[in-house]
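Next come two complexes built around chain A: one with chain B, the other with chain C.
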Partner chain A sequence: MNDYQYDHQTVKGFIVSSIFWGVVGILIGLWISVQMWKPEFNVPPFFTFGRLRVVHTNSLAFGLGIGAIFGISYYIAMRLTKRPLVFPKLARFHLYLFNAAIALAALSLFAGMNQTLEYAELEWPLDIGVVILWVIFAVNIFGTIIKRKDEQMYISLWYIIATVIAVAVLYIVNNLAVPASLTKSYSLFAGVNSANVQWWYGHNAVGFVFTTPILAMFYYFLPKSTGLPIYSHRLSIIAFWSLVFAYLWTGAHHLVYTPLPDWIQTLAIVFTLFLIAPSWGSVINGYYTVGTDWNKMQTHYLTKFFILGITFYGLQTVQGPTQAIRVVSQLIHYTDWVPGHVHMGTMGWVTMTTAASIYYIIPKIYGTEIYSIKAANVHFWLVLIGQLMFSITMWITGIQQGALWKATNADGSLKYTFMEGLVKNYPFWQLRTVAGVIFTVGMLFFIYNISMTIRKGKALAASRA
Partner chain B sequence: MTEDFDSTNIEDFEAKDTARKLPIGWLILFWGLILWGIYYFVMYSPSISGWTQEKAYHESVKK
Partner chain C sequence: MAGELYRRPIMFAVVATVVILIGTIVTMFFPMFTEGMHPRLENLKPYTALQLAGKDIYMREGCNNCHTQTVRPLRTEVMRYGEYSKAGEFAFDRPFLWGSKRTGPDLARIGGKYPDAWHYKHFENPQAFFAQSNMPKYGWLQSGKLDPAAMEAHMKVNGFPYTQEEMADLPSKTELDALVAYMQVIGTGVKKAVPVTVAAMAEEKNPLAGDPNAHERGEKVYEKECEACHGDDGRGGIGPRLTDDIWLNKEGDISDGRIYEIIANGTANGMPPYAGQLDKDKIWSLVSYIRHEQHKTK
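What follows is the complex of A and B.
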């Protein structure tokens, strides 16, 4: 009995679902970017910035991000273990439960139910749902790896294992709470402990949702689509173990200059700076891989997605550690620099690499070619320009904000009022909306291309049958 | 039934590539950051060097 076809439909289901939630998240992102300079776009009580912003982050991180990670991890695991999933029906159930959970999550956030922990906003009944989803994922991934038909474990499998374990630990600990009613709970942690646990979670969500599973994709799909062997397997393994070792210590860099004990802040800064080495291990591994034949940048359309993706990963992993340093943090923390930083990672690295992986998978599971390479190239350039504009405008206005807030008169009073600083943001916030529109148009090219490829694949399958 | 569309086999790549040495520049970065980390932790831990955030703040205000 061969279930690849069935499993592929599950993978495709996750990909299509993740794209759907991606559209929701991106459109809401555009909306809230307008709210920043045009307050009339707030429609209370459900569509104010405070509610929409969490729907934006949740639908993109968990709907687009995790949805794609579930599907693509299943795909990679099947390829590298050389066998179908051990529990195909469970994976299908996983897909349905995932969509139900994300839909309920969005509704509960619109309704204002919120634990007030960033990236852990969902209330306890939904947290339980998320844990069930994760257990299903873990059972299927570990089961498939244990029953693998190939002794060797390629680096992508290690990154997937790290994702499964780390997210489980982080999510459960940070969401420990005492329920007061079905829709309200109180965190088990309070005060500075709560902040410390929250940012241990918050930063490692970045590490184990936006980094490790995306590296799993990068290490698998870059050699696959270029036909070039990864430069050094040894480097990828050493970078992997040092990355997962260091990441979990870094969360307190979000709490520089807070009541958190000084030594914890210092320790987090040390580990954060160290992360440059493992991160750049993967970056140079990517460069040297394509470096054996740079012509691939021209001859295969996906190469540039991966190379630009890993470039933004490289920039992100220098900028991020720099931000942890005390003198930098005191200028840019709490300013718009931070969304600029986050969006370089999410739009430039995560979405770029994920989209390229989807471009690879969808034609493969239908045994066909991508509908239009030209449309994929248009997609590439638009999202690249949109993302750069987004990040750069936010960096400029972030430094400006920080400088204005810190400026003092000789007697120590503040030189600028809050309003004076705010007004100076408007041109940059307006430019950011323009950047968002450019990015969105790019993503529409991607969606069109993928849906046309699916249509082509279905027609092909029908003609074969 | 095996899959027919997987022409590039990642495992075939691995064996010979594992032999590649780690780039020297990367090794310098790796060990350099560890050494810097030890230095920084010693310098900015109140129980070792006596530095505290509060003292540093008061000094900066005095200027």
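What follows is the complex of A and C.
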């Protein structure tokens, strides 16, 4: 029993840390959203858009995302194997090393140490740190699963295993570089080839950080919190294997109309279209699970987080393949449509599902109830409105940009200069900042609720002792 | 039988690894060993130490977050930026710097488009050129020094040739010098398409010559597109004065058609072409405006 208690401290540590880095990332996100329409908000050398944007993406993908994934995967693994982690002390060390690495990562990015590979910006010494973190995670997850008390491995464990394997391969290969000094390296890959490696990584980082581990949470916490069993085990098997098979073929849809060989682009587009099927396998499984009792949407506050989360996942996985098609790509590629798309996934699917999982875990750890369901509902509506407003404004302005770039006069000359197009983005960029503020306020309700629940739990534990 | 898999974690992990690696091998690993992934244009030159220092700064400042460096083979894109990007242009970029977002314009053909002076002035104050630009100011790079020892290490890792004189010269340059040097070399591996010159153009008369309002319309275009370089009322700056003796035809005739051609196609001395961005009427109205200003100074 004591072991369990100890491991939960590590889980909680990861959750609290990930929330902290989430706050950092979201606030920087707000800042750079203002820089888009007010260049005076750039403060060189450390706080220009070019440096802050990578701090934003890294602190949210690695700090909030990976932090929550480490903690929640440990929680899920312990529950599904019915035993504590095999190396609890290593897990605790993992937590400390994680926070040290993210802090150093943020500082190095402020300082401009940037490999310019999207979502793999960190320089080589930190890359080694990330690999060590991942090895520790892998050892603890695999060790715990091998020593499990329950023979059958549930779906969530499949997704966690796939995540551990895929991220390791992706991260190591894409970061291969020749160091020129402690703070500067040059990629092992050049030109067209480096573009192909990078987007094989970039797209699959989305697949195996923002998809598979989040699906692991979804498949575990949706049935747990609602008490409804997953609708179809067979469907989840098909969805799992086809997803992890097809994802790795699709990276080059980020390089449509670039000098990358055409056959790689086309193959990527085809597999991207195919990906709709396994993605919607999970969406359908989610809907039919709750479909046996839709009242849960009203009566159980977490159900709507999961259902809206999986809905955004469903929309995301239709919109994404649409964007990969050449005729759509040529209109919206390089425009603000793309951040609109990405943020539906991160602010909608990932954050909602992760937050709901945390709402479930924290009271469970302390044997208590959530501090306020009302505050959780306010959180839900604010992040929903903020995210929709963010994505919709960016879609509109993205289509507008693409159309203005392509518009021609009767004599065939271009109708708008670049500046004439840029100026038309300003009202939308301003609205996006407003959307970000609404989302942030929603997240503050979440943080308040979680910290009050922890306080309540601690008081309860003290009174028991 | 298949159900066994979900009770045997090691076998499960092995199968999952194989499934994950198939797409990886076909689309990423295998192509790496084909020639098509390592093309190099014949006249593509390795970066000099100063240019590489500039590229390092471009990476450090995260310029790729707002600027792409790849022109797609789409008609309007080629008109706006120039020749579409070729696979063999990027052999010395480790990694590639194509970017994924155009908050600012594409830079694949920025090399040689403007004179150096344009870049210095623009980096210092982008809003001086485009009042509503959202680009941050980068004049502070002028106080950044270049470190020859570090640059020597960078050149070595890239395998670029360099001379000791080149290295000895670096301390006299600033980070901004390096960045401008890099700007001027981007995309120059591909020869600039020679604009089609219409021989009869020089004979062409301004169709707006009789229009009394044409110069006012031209002034509006001028203020937006030309003034940053050619100054208030054509008094000159980075670009030449448009009311000096040469332009007043004292050293030989410059016809309306010739002015049109210069605006449309640009010059080898740093005047960028505007044919892709301004329609005929706007260019002719500029000709009217220039004539009007010249007339005032006469």
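The rule is simple: the second predicted complex is superposed on the first by the 459 of 465 C-alpha atoms of A that agree within 3 Å, B and C clash if a C-alpha of one lies under 4 Å from a C-alpha of the other, contacts with A are read in each partner's own complex, and residues count from 1 in each chain.
Operating definition for what follows: a residue touches a chain if its C-beta (ideal position, glycine included) is under 8 Å from a C-beta of that chain, and two chains touch if they have at least 3 such contacts.
Remember, predicted model here, so these are calculated numbers, not experimental data.
Visitor: Sharing chain A, do chain B and chain C clash or fit in the superposition?
Guide: fit
Visitor: Which one hits more chain A residues, chain B or chain C?
Guide: C
Visitor: Could you look at A:S187 and tell me whether it touches chain B, chain C, both or neither (first, second, both, neither)?
Guide: Second partner only.
Visitor: Return first, second, both or neither, reflecting whether A:L267 touches chain B, chain C, both chains, or no partner chain.
Guide: both
Visitor: Figure out whether A:Q198 sits in contact with chain B (first) or chain C (second), or with both, or with neither.
Guide: The second partner, chain C, only.
Visitor: Touch test for A:L104: chain B only (first), chain C only (second), both, or neither?
Guide: neither
Visitor: Check whether A:P39 is in contact with chain B, with chain C, with both or with neither, and answer first, second, both or neither.
Guide: In the superposition, A:P39 touches chain C alone.
Visitor: Draw lines from the C-alpha centre of chain A to the C-alpha centres of chain B and chain C: what angle do they form, to the nearest 10°?
Guide: Value: 90 degrees, nearest 10.
Visitor: With both complexes overlaid on chain A, does A:I373 touch chain B (first), chain C (second), both or neither?
Guide: Touch status of A:I373: no partner.
Visitor: Classify the contacts of A:G281 with the two partner chains as first (chain B alone), second (chain C alone), both, or neither.
Guide: In the superposed model, A:G281 contacts chain B only, not chain C.
Visitor: Given the touch rule stated above, what does A:Y231 touch, chain B (first), chain C (second), both, or neither?
Guide: first
Visitor: Who does A:R79 touch here: chain B (first), chain C (second), both, or neither?
Guide: first
Visitor: Closest pair of CA atoms, one in chain B and one in chain C, after superposing: how far apart in Å?
Guide: Between chain B and chain C, the minimum C-alpha distance equals 6 Å.
Visitor: Do chain B and chain C touch any of the same residues on chain A, and if so, which?
Guide: 152, 257, 267, 271
Visitor: Show me the residue ranges of chain B that touch chain A in the complex, using the header's touch definition.
Guide: Against chain A, the touching part of chain B is residues 1, 3, 5-6, 8, 10-11, 13-14, 16-23, 26, 29-30, 33-34, 36-37, 40-41, 44-47, 51-53, 61.
Visitor: State the interface residues of chain A toward chain B in the complex, per the touch definition above.
Guide: So the residues of chain A in touch with chain B come to 2, 4, 79-80, 150, 152, 154, 220, 223-224, 227, 229-235, 238, 242, 257, 262-263, 265-267, 269-271, 273-274, 276-277, 280-281, 284, 288, 364, 367, 412.
Visitor: Please name which positions on chain C make contact with chain A in the complex.
Guide: Where chain C meets chain A, its residues are 6-7, 9-10, 12-13, 16-17, 19-24, 26-28, 31-32, 36-39, 56, 59-66, 68, 70, 72-74, 76-77, 79-80, 85-87, 89-106, 126-127, 130, 132-138, 140, 150, 153-154, 156-158, 224-225, 275-280.
Visitor: Quick check: in the complex, which residue numbers of chain A touch chain C?
Guide: Listed in rising order, the residues are 35-39, 42, 44-45, 48-51, 53-54, 112-118, 142, 145-146, 148, 151-153, 157-158, 161-162, 165-166, 169, 173, 178-181, 184-198, 200, 241, 244-252, 254-255, 257-261, 264, 267-268, 271, 330, 333-336, 338-339, 401, 405-409, 411, 413-415, 417-419, 422-423, 426.
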